[in-house]
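Single-structure report; data block below.
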Amino acid sequence: MKKFTAVKDVENVEELILSALDAKRNPLQNNQLGAGKTIGLVFMNPSLRTRLSTEKAAQNLGLNVLVIDVSKDGWKLELEDGPVMDGDTQEHLKDAIKVLDMYCDLLAVRCFPGLENAKEDYAEPILNAFIQNFNGPVISLESATRHPLQSLADLITIKEKSIDKPKVVVSWAPHPKKLPQAVVNSFLEWVVETNAEVVLAHPKGYELSDEFVSGVVVNHNQDEALAGADFVYCKNWSSFSNYGETPEVQEDWTITDEKMKLTNNGQFMHCLPIRRNVVATDNVIDNSLVYQQAGNRVWAAQAVLKTLLQ
Amino acid sequence: MKKFTAVKDVENVEELILSALDAKRNPLQNNQLGAGKTIGLVFMNPSLRTRLSTEKAAQNLGLNVLVIDVSKDGWKLELEDGPVMDGDTQEHLKDAIKVLDMYCDLLAVRCFPGLENAKEDYAEPILNAFIQNFNGPVISLESATRHPLQSLADLITIKEKSIDKPKVVVSWAPHPKKLPQAVVNSFLEWVVETNAEVVLAHPKGYELSDEFVSGVVVNHNQDEALAGADFVYCKNWSSFSNYGETPEVQEDWTITDEKMKLTNNGQFMHCLPIRRNVVATDNVIDNSLVYQQAGNRVWAAQAVLKTLLQ
Amino acid sequence: MKKFTAVKDVENVEELILSALDAKRNPLQNNQLGAGKTIGLVFMNPSLRTRLSTEKAAQNLGLNVLVIDVSKDGWKLELEDGPVMDGDTQEHLKDAIKVLDMYCDLLAVRCFPGLENAKEDYAEPILNAFIQNFNGPVISLESATRHPLQSLADLITIKEKSIDKPKVVVSWAPHPKKLPQAVVNSFLEWVVETNAEVVLAHPKGYELSDEFVSGVVVNHNQDEALAGADFVYCKNWSSFSNYGETPEVQEDWTITDEKMKLTNNGQFMHCLPIRRNVVATDNVIDNSLVYQQAGNRVWAAQAVLKTLLQ
């Protein structure tokens, strides 16, 4: 594995999950593996659990951690090629990355989409600039189109439940803000690599990009989709088909106790942070896997870092 | 000791002071005690010396440190129960804490009062949410009503002066802003656990909550109070009785060289930061214990962390 | 060496360069030298590569690092002597430093000039307050008048090219903002300590302070200056003679491929961040020493820290 930005970067998903569970059982077993090496965590957008879980995983492996918070530092980076930089931008992104290359052995980056232009966002210009200009392994901490460390943590959580051939329902949820498609895209491309039966439920108008739904059954009726589900993976996203739009939805897609009764004793999952009583009701969240998922972010990151360090 | 939020959490104050002085003599004697463990420092409000001294104490014990700056990160947390979170708040405080529980073995938190509603502030809803939702020990880095690590550092400083049965005068001081009562509340509940004679001096209208002044002599005449003092502990606070108000004060309560002459060669103390020539004059501050107090914050934190780790 | 704020603090520049190159070859050879010691990095102004490279150097030496970001923390410090602090400033700078003295064995500080008053800026009141009030060694991370870690990194980079008696041309460059003179001042006072031939090129009106140009040939014709150059060190600065002003320049001072052809196969240098196609064209930058210089910041810092720790 040379980088970790999408499921296709991983040679063996099952092995990576098992490696994460092994790290969870014995967190400090490789605490010298990263000795003398440095990972840079670059945040173009804010982060809390991603920073904390990755920082903790890195510490467990003995890595030095440098945090670079581009958004908070007010560091204005130029993304275009060949500009006359006599305006606002202080440094070209490629120069910034080539400097980080001097200080870091691994680089992890978070870069959200603008949600204005699908083609631009889905070309992942920022993530690709990191891959092109950094000599060591690049790790995505959520890019415009994917959130692979979250997806790996989600699969670890499902694995821990030991359900053979589970039915996993991925359901759109309401939200007051327009959000990227990265989490749902990513979860779909990871979960189809397992032996789960996957059903995607969303209102019409919230179609995802084709590349993420091949082989996935789509149902616009949430109740039908939920029937017999072992896991209900819930997430809001704005439309891909009407890019960045949030078309009005008539039915109530909030997950309630009543909806959960339609499932096969199903377990509710969400990547957090979650809007209580909007995405799901208090009681659903309080009896869910959400904290276990958040905890597994550490072991997902640790398994990925271990693989990249070896 | 399961938590450290008030003097009543401490089994033996004298022993804790001695443990801090022992750490000061030999800072690295327990530098493997925290190995492989993580402390989260959560700042709902800004901090500098509190973060630095706690971070240093944690490093001396071999703990990993994760800093979470809620105020700077613009992370808007919901505090109410059962809300429909379709507004500004992004995450419920209890969810945030339960996630931190996955990453941290100990959690330290700073949460200031709103100074609008005494009952609300003194119920310590934020600190209590941490205590209720975090499984490990919780440490207060100053809450609405108390600042126990500061008080412990203050008692260490007094101890170092080896004065038998000292007279400690706690005096209100002028300040351009309205401030919480936490530092003075806390110092009072700690110092009365020692064999010191304690006198509280403040202008009328600046009465503190009854729970912190039981057994404490109150004098509204600063000069009278200062007579024979071995230590003059100075601090501004806004009124508790007229909650959050700052009634006008006619007399000059600034501590000057003249005022210090009323004492028994008394030593001036303040928790810093201090407004020079408002709280006390330059010369009083330049010949005071304030830096020693600030330095002792490290050993206070280290003694507390050591006890909680054992 | 008791402090590192200017070339005159260094006993032997050549030895320091060799020590840096030694650290570059074997970064972890002194990884216990700083064990149990703490360096505070104080930023009165924003920083990225300076923080990262210094933090990495400190980690390589086993030092604990505390970062204090005064600008981001909104910590308003009083700089005047004897003020009645009933306004905006929360803490006196000297009190802040004396507190840091309790927590840190070494202190590094970045403090930019105001560019309004030459006499005030060049008196270095902030840097000097650190030197006066901190008991351990003080390191400049760029002050009003100098940027010594950058200059040391620059000399390391020149040394690595092994050119005997190189001609080094220091050239002013265009820039949309008004910038300090610190980088160019500092490079000049360091490079004249080597056996290089130094020529300073700048438009009329951009004269530097006399103390930095003694023994340096000044040429107002960039093309003439560039003839035969082995290194072209480029940097913008605002005028010292018309302090903080940026008089209009008629000629085009941007470094282009054509200009580089005037040199002796010269190598382009810049401290970064660089405004592409303003200071120099893309092609000049892409074939330059700028990343090597940035990388050498680590080894410059490591050599300085090692010397100060010994």
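Order as written gives the chain letters A, B and C; numbering starts at 1 within each chain.
Just so we're on the same page, a residue touches a chain if its C-beta (ideal position, glycine included) is under 8 Å from a C-beta of that chain, and two chains touch if they have at least 3 such contacts.
Since this is a predicted model, take the numbers as computed values, not measurements.
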Proportion of interface numbers common to chain A and chain C (over half same, under half different): different
Turning angle required so that chain B lies on chain C, C-alpha fit (0 to 180°, nearest 5): 120
Chain A and chain C: spacing of chain centres that average the CA atoms, whole Å: 40
Sites on chain A at which at least two other chains make contact: 72
Touch list for chain A against partner chain B, complex: 27-28, 31, 46, 48-49, 52-53, 55-56, 59-60, 72, 176, 272-278, 282, 285, 290-291, 294-295, 297-298
List of chain B residues in touch with chain A within their complex: 36, 38, 40, 64, 66, 68, 72-75, 78, 82-87, 90-92, 95-96, 98-103
